[in-house]
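These notes concern the structure reproduced below.
Order as written gives the chain letters A, B, C and D; numbering starts at 1 within each chain.
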């Protein structure tokens, strides 16, 4: 019963490795958003303006609600191809 | 001392094989154009509106002057590729 | 339709030859094949690059590439599509990405191939880290413009 | 830069592999290769086609293809260009035309490849005669639209 949080590329350099957020702590709030997840993990680190967010591998914005069991990812603009 | 005339694809079906126009006959005129070459070869056959003309392998229009030694070609719209 | 994430080098032309041999049901049906191949250069933004590391988000990458190919197949009536993308350590002159589409006519093939590449560039979660000749390394921050 | 008129079938992917091997001076310089391959279909304009004959104006065809490639090389800063076009008898599923360009960036590669194909279609003196399954033959009167 937890939220998986992943960081990729320069976002991992900034925040650190992937982690699991305890859902019990999280559920003290009535609603938890992707922004909240960032704040739990990043503490006082400012979020770069161009960060991208995915919940369960779909792109979302920071206001998106996150539920127990979800996978939330933060990463910089993609540069493949 | 002659003008080479070539016909391609459906234009050869219409007019017939390649030929050499005798420059002496041709030079009875002061100026000979690609249109004149068509008329010499085609006799009374109407020229299809979309025929393309090349003199020495460059695209030209019917008013272009043709000289002894030139190669003149008539062909339909190209359909390669 | 195939989407392949590869951790080792590949030969793009041999791969295409083999892929096409596996689609005999399309013989005589396609008139147009458009292919894009992205290859690692040994320079970028004024610096010499000695090696590159390509990171991806396993699972999300495949999901979005498949979505992109499905969308293009619908929009352009494609008969077949192949996307291959490298991850891991890449050396100059190594193929990075291959996009190939097969359709009846050339207009659709050209447009679909380019659109898949642009969608891949803007939406598929891959990240490049360049190792410079100077010893430094850096994340590539954005792609060059495609249009 | 190569322009090749071929009277016999060719393998496009093997040809590309071999061509690329002959340009080691460009290793690490090109980031983008765009390829278009035109293949004979077994149907056209509602009819089944059993064979095709491709006529060309020897000399003028090469001259104009070289002009088209030279222009594209200038306009798009291409590093290398290859155009191969079949003539003679062609069967369904045979490659007809291959256009390949190599450049630093993808925008230039995509645009140059398409422009060379469109210029070839509108200016290079080739003509297709189709043999229908019904036994009839007919000159193809015009190309499908490219844009």
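As a convention for this text, a contact is a pair of C-beta atoms (placed from the backbone, for glycine too) under 8 Å apart; a residue touches a chain by one contact, two chains touch by 3 or more.
Just so we're clear, the structure is a prediction, and the values are computed from it rather than from any experiment.
Peer 1: Measuring between mean CA coordinates, which chain is farthest from chain B?
Peer 2: Between chain B and the rest, the longest centre separation is with A.
Peer 1: Can you identify which chains form the pair with the largest number of contacting C-beta pairs?
Peer 2: Summing C-beta contacts for every pairing gives the maximum at C-D.
Peer 1: How many angstrom lie between the CA centroids of chain A and chain C, rounded to a whole number?
Peer 2: Spacing between the chain centres: roughly 28 Å.
Peer 1: With chain centres taken as the means of their Cα atoms, state the distance from chain A to chain B in Å.
Peer 2: Using C-alpha averages as centres, the distance is 74 Å.
Peer 1: Between chain A and chain D, tell me the centre distance in angstrom, where each centre is the average of that chain's C-alpha atoms.
Peer 2: Roughly 49 Å, centre to centre.
Peer 1: If I count partner chains per residue in chain B, which residues reach a count of at least 2?
Peer 2: 81
Peer 1: Give me the residues of chain C that touch two or more other chains.
Peer 2: 38, 106, 117
Peer 1: Give the list of chain B residues in touch with chain D in this complex.
Peer 2: Per the touch definition, chain B meets chain D at residues 6, 8-10, 13, 54, 57, 59, 73, 75-81.
Peer 1: How about chain C: which of its residues touch chain A in the complex?
Peer 2: So the residues of chain C touching chain A come out as 38, 54-57, 59-60, 63-64, 85, 96-97, 117, 120-129, 139-143.
Peer 1: Touching chain C in the complex: which residues of chain D?
Peer 2: So the residues of chain D in touch with chain C come to 11, 13-14, 16-17, 20, 27-43, 92-93, 104-107, 109-110, 113-114, 117, 144-147.
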